[in-house]
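A, B, C and D label the chains in the order they appear, each numbered from 1.
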Amino acid sequence: MPHEKLIPLAEAVRRYARDGQQYASGAALPVGSDAVVFGRELLRQKRRDLHAIFHCNTQQLNLLAAAGAVTRAECGFSGLEGFGFANGLRRAVESGTLALEDYSNLAMALRLLGGALNWPFVPATVNVGSDLEYRSGFAPDASPATAKIPRVTDPFSGREIGAFSPLRPELAAIHVTLADPLGNAIMLGTEWSRFELSRAAQKVVLVADAIVDTDCMRQYPNLVRIPDVVVEAVVYCPFAAWPQGSPGMYDVDEEHMKAMNKALATEEGTAAYLRDYVHSYGDDVDGYLDLIGRDTVARLTQGPSAFLLDPFRKWIVPHDEVLALLDEHEKEAA
Amino acid sequence: MSLDYTRQEMMAIATGREIRDGELAIFGVGLSMLAGYFAQAHHAPKVRAMTEGGIYGASPIGGLPWGIECNRISANATSFTSALDALGCLVASGRCDVGIVGAAQVDRFGNVNTTGIWDEGGEIGPRYRPPKTRLTGAGGANDIACGARRYIVMVTHEPKRFAERVSYVTSPGHLDGGDARARHGFVGGGPSAIVTTLGILRPHPETKEFRLDAWFPFSSVDEIRAHTGWDLAVSPDAHVVPEPSAAELAALRRVDVTGALRKQA
Amino acid sequence: MPHEKLIPLAEAVRRYARDGQQYASGAALPVGSDAVVFGRELLRQKRRDLHAIFHCNTQQLNLLAAAGAVTRAECGFSGLEGFGFANGLRRAVESGTLALEDYSNLAMALRLLGGALNWPFVPATVNVGSDLEYRSGFAPDASPATAKIPRVTDPFSGREIGAFSPLRPELAAIHVTLADPLGNAIMLGTEWSRFELSRAAQKVVLVADAIVDTDCMRQYPNLVRIPDVVVEAVVYCPFAAWPQGSPGMYDVDEEHMKAMNKALATEEGTAAYLRDYVHSYGDDVDGYLDLIGRDTVARLTQGPSAFLLDPFRKWIVPHDEVLALLDEHEKEAA
Amino acid sequence: MSLDYTRQEMMAIATGREIRDGELAIFGVGLSMLAGYFAQAHHAPKVRAMTEGGIYGASPIGGLPWGIECNRISANATSFTSALDALGCLVASGRCDVGIVGAAQVDRFGNVNTTGIWDEGGEIGPRYRPPKTRLTGAGGANDIACGARRYIVMVTHEPKRFAERVSYVTSPGHLDGGDARARHGFVGGGPSAIVTTLGILRPHPETKEFRLDAWFPFSSVDEIRAHTGWDLAVSPDAHVVPEPSAAELAALRRVDVTGALRKQA
């Protein structure tokens, strides 16, 4: 099997991530699927001044914000759902070091759709009439804000509605359950806005929990909602969303979710977390899994949604074979 | 006072009673989800529940989901789609019958703040300063507030949470009251009830100002007025809310298997 | 298994189809998936004056138009692809008995999306600047047309783009590969615009080639792009798209495609076709399959895409069991 | 004249030569699809082909597909999405490198008519009368014409098909010429070539008027000018198109397994 677009995580960040970049992560859900490990690597490679576009906050944004790597962020939801407030993001916002532009969850999906379709604006029937329209974190002096969600007149009825600005992030790291080396991807669980993001972003890197043979895609083409034509690179990383969960693959690591968020509440805690969970492991996938702990990995894999993966297991390329493909790639690159 | 149910359980049950069988309903996490699935387990078996991410046909297993996309709510779904679908095609479109949202702060017209708390006076001012306390933002609540036919606000009944005017309108209630929502063309009808830890407030049919409609058995008109940050009017029909029945409590506790609502007073 | 929303085809038409109605069919592709059999039943029940909303013309619209049942139609494509011009539709348009409003294929998808989202208008960056904008079949005296795709000013750039009118058809008959009795559906092959249509239409009737147990949906929830909450009724009809094809299920019946289109080119041919292929069979599914011919049914089922159905076969409810469920329903209704 | 290839085969090969390796390309049915997949089979193995319905990664099997959604193009796909995705997110957005469209009528600025032919003068007039001959309408061609970086028009070279001005602009070419497309903000670059049964026309870099760029070995400048409904200019670089190579013909015939292109003269 050719490795095609399959490259190591560290290389993906080196190649595609830039300081000051508009960086989007998908699915970007606080508890579920998200390319959290990509954020760890951004910090390992000291990326900074990021403009984060996260449909929702996640532990990734929480971490990036706590570490001071984000100066601007756009979000639909900035908490951690059942795990409470996102302490790292909160601290950055309250201190004024991170300007957060608020929208609703639908607004973020629509703005990505608008970017995907290359529209100049997107009709807005939500967010209008509230402070999501009138207050802008990016333009704090404009109050009421008029440029964030300006008005547009419907030519059929003559009535005014709002207009959202489309999003076209420079880079998106999209977490998927399964990817093939060509860049075709299957997501299990809600897509959230990964479909729209995969078309809106200027560059897409897939971060996949498992690599499958392309025959899997040919058997289930309707599940391949992200086709290779929109993908630059594929990163293999089991437990890429950890400590968040990935339907069919692994459950939320409740203990680490709480510990991580607690750590990010203070500068000291954040420093310790960075030392122990960001800068502590090697560049290899196995080192990352050791960090999580092999017992934890085994335990979280037994979750109630594991059956969702069953139809696809036979096409999953074994861990060692994927690593061999990556080695091959390294040799060619050298 | 010793009760065989907690205040949170009463709140969840009172909220669940607002949900009617067969309705298309959207719930958030936590209390809101428990209230919704309690309704399904008790009196609304055909409620059509969905999440913001487009999870359809599911009910939680193994305890209260940590999020709307947690495996606990993903393990028995019949359909997974997307946020655009659930919040756009089904909620903002006006198709969804009822939503339940939480609030950090709510005002006399049912406007909801989940974005931030500012210091001292609570006013943001002409410049959009960072809040003293940053909250969770809008999530899908703004979309539900704009689009759902009606929605229910769940909030802990404390004076600081019941403000004359919220400092930031995250999710529009009845705005300035009356037909203020019509100015923005919202297809949704706005908040139909605020269910608190002490009782239930409902909007005056004309002015849309929220009035005390009912108090929980362990509360009273006086206690509720004392815990409300504006001069709360009392509906002429105000009454006590019936206690949870044994069947209701049993249904709620089947949903709340880990007892999240029993851990609090 | 409860029959839930499963009802006979004839009942679905009796219950939901009205003269003068905005009627949409999905997928509405000229050669592929489409609820063609629903159109036959519309004619059997003498529905007329229909306002047809077909993303593309199909043999269904071709037949309805040839039979004089359609007075207005909106289409992105009005041919039959490899089978040439759609003779029935063509005849109705050329004679002036059917007013056809032209859009492009993207425009139709976007207008359905706009209906699904309940937007007042949809941004148009295509169709503008051509006669799709300037000429209106529904308003032939307005030339250049100004109300078909009016202009709207982008509030961000100040430049003008077009605005499409959203579609909210009163009834949609949507062809799907697999449905469960609750109304959850799996489509194999391109969705075309069935996802958008299923949310845009005011009433949705699924027309499924096969009925599956709901366990199939729980195993593949990501494939269930039409969930039960948007569906009124489920009709079981193998070969529902015949003579068109259904990926995974059956191939195009080339011979009948050609013969049908040839017949629809004249009034006499259309009368003969209606006699032989519309009014000729009983109300039961078996009668319909006899019409197609059991040999043809067997032959068309052996096509190159049949493997796409393999993962789902074990959940397919056998033909006789579905008929038994329908009998049960009939008895309850009586 | 006896050739070992047909005029349709020459046209398909000439069109296919316009497609470069690695490009994101969208093809219609018939000749257009054969031309595209010929390119993939011959010199552009990494062309990323898709259809209007969102079929990705597929190549036709068992003969020329009857439609863009035929099982012959659905049996080896790696992804099925939707029209909104393919024509919207990938074509109208400006991402697609190249499209191929057919035409019933084309004019000196490359505007395409596939909607209808009116009687006598061919003018529709101020009222939108039904056409004498109704054609297939726009399909995805208008979207390709607006959004694709460039597109190629394939058309049979007959005087009636090469009009001074098409009676109905279904898919915009260079409109009135020059920078007329800019007025509408199209992200796509417009038609880069008209490939006919006799030769190839390309737009003048400034005026965008199509000129004769090359003739097929079995044709000539005179024959082409005689078959063109306007006074066709000839490019100073006009030349003869190289005959199909053996490899090209072999590749084309592997795609056109049922010999659709060999059945016509």
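Before moving on, here are some points about what is shown:
By our rule, contacts are C-beta pairs under 8 Å (C-beta built on N, C-alpha and C of every residue); 3 or more make two chains touch, one makes a residue touch a chain.
Quick caveat, the model's predicted, so the values are computed rather than measured.
Each step here moves to a touching chain, and the least such steps from subunit B to subunit C number 1. Work out the mean CA point of subunit A and of subunit B, and you get 29 Å between them.
Measuring from the averaged C-alpha position of subunit A to that of subunit D gives a distance of 40 Å.
For the pair subunit B and subunit D, the distance between C-alpha centroids works out to 57 Å. Among all residues of subunit A, those that touch two or more other chains are 117-118, 125, 159, 161, 188-189, 191, 195, 221-222, 225, 307-308.
Counting partner chains per residue, subunit B shows two or more touched chains at residues 55, 74, 80-81, 88, 92, 187. Viewed as a network of touching protein chains, the structure does not reduce to a path, ring, star or complete graph. Listed by label, the pairs of touching chains are A-B, A-C, A-D, B-C, C-D. Of all the residues in subunit C, the ones that touch subunit D in their complex are 27, 29-33, 55-57, 75-79, 81-83, 85-86, 89-90, 93-96, 100, 102-110, 113, 125-132, 135-137, 140-141, 143, 145, 159, 161, 188-196, 245, 247, 251-252, 254, 257, 303-305, 307-308. Chain contact summary for the complex, subunit A toward subunit C: residues 117-123, 125, 150-157, 159, 161, 163, 165, 186-189, 191, 219-223, 225, 307-308, 310-311. Residues 24, 48, 50, 55-57, 74, 76-81, 85, 88-90, 92-94, 187 of subunit B are the ones touching subunit C in the complex. Contact residues of subunit C toward subunit B in the complex are 116-118, 180, 182, 184, 195, 199, 214, 217-218, 221-222, 224-230.
Chain contact summary for the complex, subunit D toward subunit C: residues 29-30, 51-55, 61-62, 64-72, 74-75, 80-84, 87-88, 91-92, 111, 115, 124, 126-143, 145-147, 168-172, 175, 181, 183-187.
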